[in-house]
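Before I ask anything, let me first share the structure, which is written out below as structure tokens.
Each chain carries a letter (A, B, C and D) given by its place in the written order, and its residues are counted from 1.
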Amino acid sequence: MVAVQYYLLLSAAIFCIGLFGILTRRNALFFLMSVELMLNAANINLVAFSFQYGNLTGQVFSLFITALAAAEVAVGIGIVLVLYRNFGDVDVTKATTLRW
Amino acid sequence: MAGLTLPVLQTAPPISDWVAVAPVLLLGLTALALFVVDSIDPDSSNSAALAGTAAAGTLLALVATLLLLAGGVGQGQGGALRLYGGQLIIDGMALFFTVIFTSVATLVIVASYDYLRDRVYQAEYYMLMLLAATGMALMAAAGSLATVFVSLELASLPSYALVAFMKDNRGSVEAGLKYFLIGALSSAIFAYGISLVYGVTGQLGLEAIAQQLSGGTQLVGVLGVGVLMVAGGFAFKTASVPFHFWAPEAYEGAPAPVSAFLSSASKAAGFVVAFRVFAVAFSPEAVAQSVDWTLAFWLLAAVTMTVGNFAAATQDKVKRMLAYSSVGHAGYVLIGLAALGGGQDGLVLGASMLHLLVYGFMNTGAFLFVALAEYWEVGRTFEDYNGLGQQAPIACVAMSVFMLSLAGIPVGGGFMSKYFILIGAVGTGHFVLAALLLVNSALSLYYYSRVLRALWVEDSDGSVAIEGYPLGLYAAVVGAAIVTFLLLPGVFLASDVATAAASALFA
Amino acid sequence: MILELLIGLCLVGAVVVFVAPNRYASKLAAGWSLLPLALSVFMYATFDGQSNALLGGQLAYETMVSWVSLGPYALNWHVGLDGISMPLVALSTVLTTAAILAAWTPIEERESQFYGLVLFLEASLVGVFAALDFFVWFVFWEAVLVPMFFLVAIWGGPRRKYAAIKFFVYTNVASLVLFIGFFALVFGLGNSINSLDLPAIAQALRTGQLSAVGGVAPETLKVAAFVALFAGFAVKVPVVPFHTWLPDAHVEAPTPVSVLLAGVLLKVGTYALLRFNFTMLPDVARQYAAIIALFAVVSVIYGALLALAQQDLKRIVAYSSVSSMGYVILGLVAYTVYGVGGATFQMISHGLISGLLFACVGVIYNTTHTRMVGDMSGMADRMPVTTSMFVAGAFAYMGLPLTSGFLGEYFVFLGTFGADFPGAPWFTAIAMFGIVIVAGYLLFAMQRTLFGSFGVETDHAGSGAVTDGGERTHNGRRANGGEHEHGDVISPAAAHDIAPLAILLALVIVLGIAPEISFAMIRDAVSPLLAAGGGG
Amino acid sequence: MAETATSTVAFAFEVAPAIAILPLASFVIALFAGKYLPKRGALAGITATGGSLLLSLWVMLTVAGGAYYNEEIYTLVSTPDSFDLHFGLLLDPLSALMLVIVSLVAFLVHLFSLGYMNDEGEPGLPRYYAGLGLFTFSMLSFVLSDNLFMSFVFFELVGLCSWLLIGHWYREDAPPSAAKKAFLVTRFGDYFFLVGVVAIFATFGTATFAGAESFPTLAEEALAGSGGAGGELPTFGLSAQGWFTVLGLLVLGGVLGKSAQFPLHTWLPDAMEGPTPVSALIHAATMVAAGVYLVARMYGFYALSPTALAIVAFVGGFTALFAASMAVVKRDVKQVLAYSTISQYGYMMLGLGAGGYVAAVFHLMTHAFFKALLFLGAGAVIIAMHHRQDMWEMGGLKNKLPVTYYTFLAGSLALAGIVPFAGFWSKDEVLYEALVHGLNDPLLLAAYLMGLTAVFFTGFYTFRMVLLTFHGEPRTHTARNPHSLGWSVKTPLVVLGILATVIGLANMTPIAEATGLEIEFLHTWLEHGLEGVNSEHYGEVLETVAGYSAAELSPLLAAVFSLSLALAGAGLAYRLYSGDRPEHHTDRLGAAKRLLTDNYYQDEYQVWIAQTLGTGVARASDRFDQGVVDGVVNGVSSVSLFSGDRVRRVQTGIVSNYATLLTLGLVALLVGVGLAGGWFL
């Protein structure tokens, strides 16, 4: 039985890795992946705590998050697609026509 | 709305769950109906039918909501209807906000009829908008963090697509990208925050969380991080600093009706969940000792209104100015959260709700006027608007009403709600926030009056001639102006409901 | 309901004129403005109010209808008049008609919008004076800004945009400050009030119901609120150093708007000072009387000095308004029947006289297209009637006896000299020196512009030889009219230009000879204020 | 309060307001209907002032019968718990006398104007007659005033009329400028007067001149410490006497301005830019007398303060000498008369300050007649000379204008103080009073000596003027062929000439003293009157409160002394200027001539104060206002907009930056709230 703090640490680490990816990667797809990592960090928490508290709420919610993450990626990919069409690149820092 | 003047205090007669969620269902079903129509006839260019269907749906939902409000459903102390095991809560606040969403959606859809002429994928457009509205209506009624998250995503995902709707337009696409990326990041943070709160309490239901927290907790730090991350999720939705970065770009790049929809309805949706989650789940009495989130909102309010207004002051483009001003207004509304626990909870929260309602009309109207200008292709900067007042006086009078009302000058309900917020800030002893509101308000008067100046004072250089007075856009703009104006003398119609609904949260 | 009828008439008139064709707008507006004017005269004649509106007096034309409930407070539509507000309401309607007539000549484009806004302004101003609920009052108070902004920004002079924005933002900031100050008081009163009814609040404050708000002790709160309210109103008045929006606004505003700006808008500020600071917080006002008097005296002298330095006729009159309004403040501080009553009388009087002077400057400007003192001379030659009016107005402004201008200032001096705050005689004596400076700049301006040999230098006036050099002078010289060759375009003013001048002048003289017409009701309304405030 | 309540008396007082109202009516007629009337309003004015004159005489007769009147007739403002402001009539010997003087001179000046203005075809006649009418109304009302408030009101109004009439020829540059100067200088004095009036109200709660509740009575009671209503007056931190002195001096400010006393005399010579009848009426006989009249009116108050009296006397004596010295070198006939007017009013002030109330009023009366005569005479000369005023262009007019000459001569003799003309008796009495009181008071003595020296100058400049104008050979073409004069010009001259000759007989103090006859009619006249406002009472107060005492001295001695000085002055003038072709002897004065012609640089410093200093301070204030006060306002807006521009630069457009800032913001928020909530402990 692994104590729940370790799950918390694990999820925090994954969350931070995802965040780090977002902050450093310029490719839109990496961006998407990083977001997935962060969402999954939340899932780890939910599952772990669900197990600790002995209710299923967390586990069920993690499924919702997974599903929504998929939907989000679907929309995201669509946007990345039109980004590529308009700017010829998937580098998110290239699109700077709107600023200030 | 005359029947609304007196909130019904006793619990409304039990009604069927279906009736209570009728507005949400109506919105969702209209979206599905459009989906079906589009599936059957994907190349339909009968925009009147599409817009008409969509508008009928939102209008029906609006009427349903008003009927529910008038019937006193879910209102009064302890009268909230808890559906599906408390996952949805239908009460005064939920209905109040549903009125905002459906009104804004109606206006935007009516305006879009002209704006979208000759464009493809119209059915999808209306469908996305209706889905987003459904999500927002659900947000208003969400009774657990799970429904909050799901409904928030339901509102957000169509919005991303709507912003990037003009997929051949670099601005629109860029706006969509930024909105989506920041949104994805924020929802990840939000989800993580929920997981932490769940970790501390083992609950997702708002009232259950409150119950758990009232017993105290050892994991103060974890809870605090969780609460603030949840706040971050709402901050994204409401375009509050530091989660606001998407807003100026998204509002500027998006088609103007979409900007109107997002800046009014979407913002209100973010606030309604924030109100409910923070007032119910993390109620100040339960967590104020350890997690002083009113301080967090105090800071957010201060920074948000300052950044929004200062940045708006020197913009060149009207739409971007409106975008930043929208950030500023988020700051004003945040005062309602920051001032909770000061002994005037019903008043301050009611003032914020009222402001969101008025804002729903005046800001939507302002963006729709921009849509009108885009329709006329007069250009986007202040200078491009020069002398429009002579060519399109009615629309420009309406725009003037919006601007003045946004600035808090008494030609519209914005005056009342803004000063109600100020009263709330003063009444809870938040003199610094009041002073900041003062400074920002002055600045906002400056930039709003630039629009007035362009419309009425400056002379047109004569290069632009307006062709046509599109019926839908005009109807929406003028309608919004009339409601904005009527909300000044008729503010009691809304304010009593708002204050009562807000007070009910703290029962 | 008659007050609602009055406000409603103005508002309906505003809409009607706004949508009327430009061609008919001026006549329609002038005709329509006679309705509120007649109504206000009728109200004045049948006025039956007694005592002070805020101190439990019997109000004339009162209505009270519930409007909004705001948390623990009820907002009511509560309007009514007492002896202080009744003359000011009448002043507003008179000056509006005068301003509309004065606008016939100079306003040549977008007339219907112009006159519509003027009538809207009238409605707001009447509302400010009539409102007895804080929020109702505040709605009107802020609503005044809208027509003013447009009137200055659209029909103003070259720097109109700057002036309009400055006015707009500056006064709005002031409104926010006073709003915060007022609500600090409201919350300090706690449960002792349940509405924003001004009389209720005034009485609660005067009976010492104030408690702490947000950790601020009642005494501090009182002073802080007083400062906030004072600062807020001081901008509108304006009191030095919050006055700099005024000359800009005046100079850029078209003359009819200046008439209303100087005539009524500034009074809104002093009226509010009287109603709020000096009625609700008399103990603070008395405690810091010397400081307030200092502000007043500085306004008087400094404003007069600034006027002395100006070359633009409108700027001269604008700065002199700063000076004159200083007297009003000084009178208020005194807490004597002549002080406070005189201050109120001075509001009316200054409204009429400054309106008259601005209108005169406008009539001159209409034909010369310049307002610079150095650009014209000998106007008396070509515009004898206008000149007479200008002279009469200027002397009234200097405080010539048998004009209301004299009595206004004289009352204030009488009331203040023996007042019981420290240094009262000194403050009064120094403030009185203003009458010398005002004579200096007005006489100087008149000598330069109205007298001497005729001549106008302006880009606008067309060219053409002068046909007649004017009357022969006593030792055979001819009046020199041909020097600048613009003589033919300078002609006597039309009857509709003169009419407002004559009306205002007549009122100035009537009030100067029979001040009781308004002073009786003013005194009646002011006395309870002093009795309860411990003044003598 | 009428003591004898017969119906005639009551009726005379009932109609007394008409004395003032009649000219007001003529003002209205001239103003609105003047241009349609045959003489452009002159006839209305003549009728009105004639009516006023008759009514005044009637009132005088009534007063002579021992009936007096002191009533409020119109209340401007009444306040139950404070003082009222009202207009009222005070009809007693002093005001009745003054009413006759004013209405008589006004009547004659109106008549004279027919010749001076109408016959010359002047433009703007309705304006002129309206001004005269308004002036006469104001002046008469001023005289009628029963309280200081009303006095102030009409004091200011006569100032307005003075401004209007000086600037009558507004198309030229000089008259409007002179009018402005006149108004401003007197306004400066009026400032102090206004402070004084207000302070008197604040002190006594009343400003009435006569009666038990009048302020002089209250002040007297306060000083006497006899309780009464005057017992507990606010004296603003000073002793009662000290405060009353201050009050007296404040009112004196207005007097100095209006009566053109040093240092506020500079406006009067400039005021000669106005039409000559105006100069005669306003700037010689009546308005300038208002200041002196005011002091006489509230003499009961001044008599309480020896300091104030001494200052009055000293200023008067100094002004008498100072102005006379300047008159010596003037070329313009009206200028000479202007300075002589200043000088003569100095005598009156000297008389009042020295305790010679009757003497001063006497001189006021005689001066009104002979100075009006001289001005009208000068006006006649000016008509004849086609509006030239330089005496060096005249000469030899004696034979061409005999009526003018002889009347003018009578006036000159009166002015110079040659026995038995009017001025001799009055001036002599003033000097006598100054001397007898001055023997016990060095300051008064100094004032007397200055007054005495001025007698010499007066004799000199008067005869210099007469000789240059009327004697010798005509020096210009115009002087050889003067314009002829009409009856309207001559009649007033004759009337006034007779008065200037004989009016002095009303009060021949030296003769009375020498012979013991009861011929000091004016003394008797002024001795009676209302309680507390008669010369008898003033004498008592002067002695008991101010501590004045008169030395025993024969009036004959003093009279001889001053008469010989006057004759010496006249003789010197005759020696220097009597020939056919008089020389410009003034050049021999050297540097002193410059000093005198430049009026001791009084104008220069006052103009410097008003213009250089005043506008300098004003400009500096303006710069301060624009730069600092408004600069702060504009600065705030600039800083806001600048920082707004900075703030928007945060929005770089690069979405990665947004993510970074978002994260940093959230972390900062976590740290902030965490620290506040104590999570890290």
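In this section, a contact is a pair of C-beta atoms (placed from the backbone, for glycine too) under 8 Å apart; a residue touches a chain by one contact, two chains touch by 3 or more.
All of these numbers come straight from a predicted model, not from anything done at the bench.
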Chain ID, smallest distance between chain and overall C-alpha centroids: C
Of A-D and A-B, whichever chain pair has more C-beta contact pairs: A-B
Chain centre separation in whole Å, for chain D relative to chain A (CA means): 96
Inter-centroid spacing, chain B versus chain A (mean Cα positions, whole Å): 26
Computed distance of Cα centres, chain D from chain C, in Å: 35
Distance from chain D to chain B - Cα centre to Cα centre, in angstrom: 77
Sequence positions of chain D contacting 2 or more other chains: 637, 648, 651, 653, 655, 659
Contacts with two or more other chains, residues of chain B listed in rising order: 177-178, 181, 185, 189, 248-249, 315, 446
Where chain A touches two or more other chains, by residue: 22, 92, 95-100
Interchain pairs in contact, sorted by label: A-B, A-D, B-C, B-D, C-D
Residues of chain A defined as touching chain D within the complex: 19, 22-24, 26, 92-93, 95-100
Residue ranges of chain C touching chain D (in the complex, touch as defined): 166, 169-170, 240-241, 243-245, 302, 305-306, 308-310, 336-338, 341, 378, 380-381, 395, 398-402, 406-407, 410-411, 413-414, 417-418, 425, 428-429, 432-433, 435-437, 439-440, 443-444, 446-447, 450-454, 470-477, 479-480, 513-516, 519, 523, 527, 536
Residues of chain D touching chain B in the complex: 637, 640-641, 643-645, 647-648, 650-651, 653, 655, 658-659, 661-662, 664-666, 669-670, 672-674, 676-680
Residues of chain C that touch chain B when the two form their complex: 67-72, 75, 135, 138-140, 142-143, 145-146, 149-150, 153-154, 160-161, 164-165, 168-169, 172-173, 176-177, 179-180, 183-184, 186-187, 213-216
Touching residues on chain D, where the partner in the complex is chain A: 648-649, 651-656, 659-660, 663
